[in-house]
């Protein structure tokens, strides 16, 4: 396992395999489900400034090879998180990434400011791309908006800043570059795809975000494109459900991988992915860093 | 760890539609009535939640209806196959005092968790009454109930066995005769709602086991919430057992 | 079957179920495979001005619930099509839609001009969105570009003009509206999603377009959004593999549906879809037109 | 219509890896050696192409190796199950004159279409020689060849049956002895390539049955092309049988 300890920007990760925000609770709830030694860091669900009730149910719809969710960022808010959770998480002795989001920029900035001086938090991931909050364009769908958001965030905190990108864009590189130029340390790509589900019993359309194996080829492509254009490291995620797919993401240009949907369904996936990566490194006698982007090339 | 691979030990199929299945008990803790397992069936993308319907140190019982791809695949498993489960998950029916008058009310496949409750009460020597309704004779699984000295009232929608009535109609009549202190119930949402409203009116404590589509089953995705007076609550973690007054029935 | 005869803009369709361009050859090859009475029209693969060799193989990659292709518009070109195929197609007595595309606008305009006065062609579908031809943005990824293309196409032809949109955009409505304003008669949504596949044997990444059931929720969402904004009819496609999904597309706002990938795999799908639509109309005592967009609402 | 649902009639599995399966002949036309069926297996998203390995008015034979999800699922089918097929598809090996010296050269599971060719030649009274190579004894299916008065040379990579040689090595030797007028061949790409280059050099007409991933199998998607001197040609429609000189071997 030692061999998988890596640095991602300034973050020390026990392994390059991370859970994905929103599928790992506040970070401590899966202690008796997942062996935490195999995950690189803890990542919280997206927190908003104020406690948030989320969307009315139903919130989950199943497909043959993935699912759609419309949780609507239900969470206890940044303050309660600090008061009730941070201490517990700190004691887990893992790198801690806190995901931040919200309906308006001011709230996001308040959250960043509030968390900025709290010990035990190693990085803030800005969820720029949650498609469930606003019906129209989200921050991550617009490079200028993204630039401004990251610029101000950078001013407010010295913590490692991760910009989480949306796949629902014409050109993810534009947005990724904007985040990089504004001072983001790491990109996380991608969030869920906008989808729609028709419920024949309720006779109703439901909108939400699609995740799981069905989005993998699209996510892989986006990480591939990003890697060519940006210089900061990328956490690649979207549909990973095996060690092979994790490696493919890394070949494409990801410096670490995130697993959301499939880690929830198969809690031992993190350990299996670590094993596959280790085996690959041993077999090819390569070190982890040299594998990043090894089937791609920088174009700048 | 609550994540286990366990062997199927035996299986019975009733009327081609209902399955009683036993698998190895490899749980780290003793399961309580009301708790469930979240099973990777292989037939569908997500796991499927199924109530624990009985327990011994050697084996765990589940009882389920074949509905769609997930339960269909489960029903096809042969003995010895390993299945991937998470459990025991969720809260459980509350403990009770000896003297209390207890009704167990089950509708349809809601009998599954009630079987386990009945086991427990027989073991603990509690007295109780079971009201159990199903569509037809062929949907009744009362032969799975433990032997004991309790009262049992069966009903079916078409009168093919027991009384021709819904279990709620039976409950209404029984309450008139003798008001219980507490009710434990499981069944379809519409039935639980009627029961919840009835018990609220009659001022009876009722605990209902709710169902919902579940992704994680572990409390981390917030996918399975129901509206309660405390806000949205997760069926998988805050439930599946809720006090009837907590639920906003609608 | 009479009940399913509809008008789509000025086109008379035998049923609202259409094949998708590129999966139906030049239109006559599947006579002994598919019962043509169940398809609403014939649609050709995308033709380019000059004969085109297409991309080097491999060209097809399989997923669990869909596939990726990189055909690269192999075709015999507009002239040979006219000389070798049009007569045969005319004799099939079905509405004929010819798909037009290419690497540059001039070639597309030449094709439109050439086909414009040919009898037996009822509509031209402009493939604005083929993601395999240009590595960078395609016409359909830019509303202005789309507007200009359609404007000129409109000037060049009186035939019914269908604009086929790409799903690889931030806001498909912008592009759809641009096409409408420039004079398109019908929109077709959507083409394939950009994807990437890693081949472990060849140790190579392949880029292509993803289609099939895995893209359905995203395609459904896009048709839903489009319907709210545009006034011209929409052909909804992307991942339809059953009568139910076809109906969902129609509920969302499609006036007709296209089936590509799944019709190839299940050649009797068109007849099954027709049957499901008919059953639905009979059961609900509705006429077809009243079902279009019935789980959606116009927002303009 | 070439789209049929046909019943599986019988099935044999050899060494857990190879399958001979017969299904109802409901074809509209008489299949020719080299043609294939495109089968919806249920195990994978796309259909799977398999050569027709034999034909009678009542039944069609296929012979295949269990490789991945598609062929695995096919191998599990029980008699009476209906499978969804398209066929007969593709072109076929060309007709030949009686006096010609014919070699049939099969590598591995490439024996499948060759079985059908052999049947035909025995029926038509043509004389021929079969060269058939496989990895090991356990990969040899020569017992599926028809009885007849032809010459048969078996080889295996490990020498566990027949000569220890590749089928190309055997072919090279045989050509030295007696040059055939025409060769019909099927097998892995690398083998066909060697054969193609050899025959080009020796000026022998060879027809090879190529494989490729196929989506439609019908010639409409352009997905299965190979590079030829005529440009890209579709294996499913322009092939699967090609003259060796047509292919750009690389």
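Residue numbering begins at 1 within each chain, and the chains themselves are lettered A, B, C and D in the order written.
As a working rule, a contact is a pair of C-beta atoms (placed from the backbone, for glycine too) under 8 Å apart; a residue touches a chain by one contact, two chains touch by 3 or more.
Nothing here was measured: the structure is a model prediction, and the numbers come from that model.
If subunit A is ignored, touching splits the remaining chains into B | C, D. The chain with its Cα centre farthest from the Cα centre of subunit D is B. Mean C-alpha position of subunit B lies 57 Å from that of subunit D.
Centre-to-centre, using mean CA coordinates, subunit A is 49 Å away from subunit D. Put simply, the C-alpha centre of subunit C and that of subunit D have 37 angstrom between them.
Shared contact sites, meaning residues of subunit D that touch two or more other chains, are absent.
Of all residues in subunit C, those that touch two or more other chains are 63-66.
Taken together, the touching pairs link the chains end to end in a line with two free ends. Contact between chains, using the touch rule, shows up for A-B, A-C, C-D. On the subunit C side of its complex with subunit A, the touching residues are 63-66, 68, 137, 141-142, 168-171, 193-198, 200, 203-205, 207, 210, 213-215, 217-218, 220-221, 224, 244, 248, 251-252, 295-296. Taken together, the subunit A residues at the contact with subunit B in this complex read 22-25, 29-30, 32-35, 45, 53-54, 56-67, 69, 71, 74, 212, 264-268. Here subunit D touches subunit C in the complex through residues 1-3, 28, 40, 44-47, 84, 86, 212-216, 218-227, 231-232, going by the rule given at the top.
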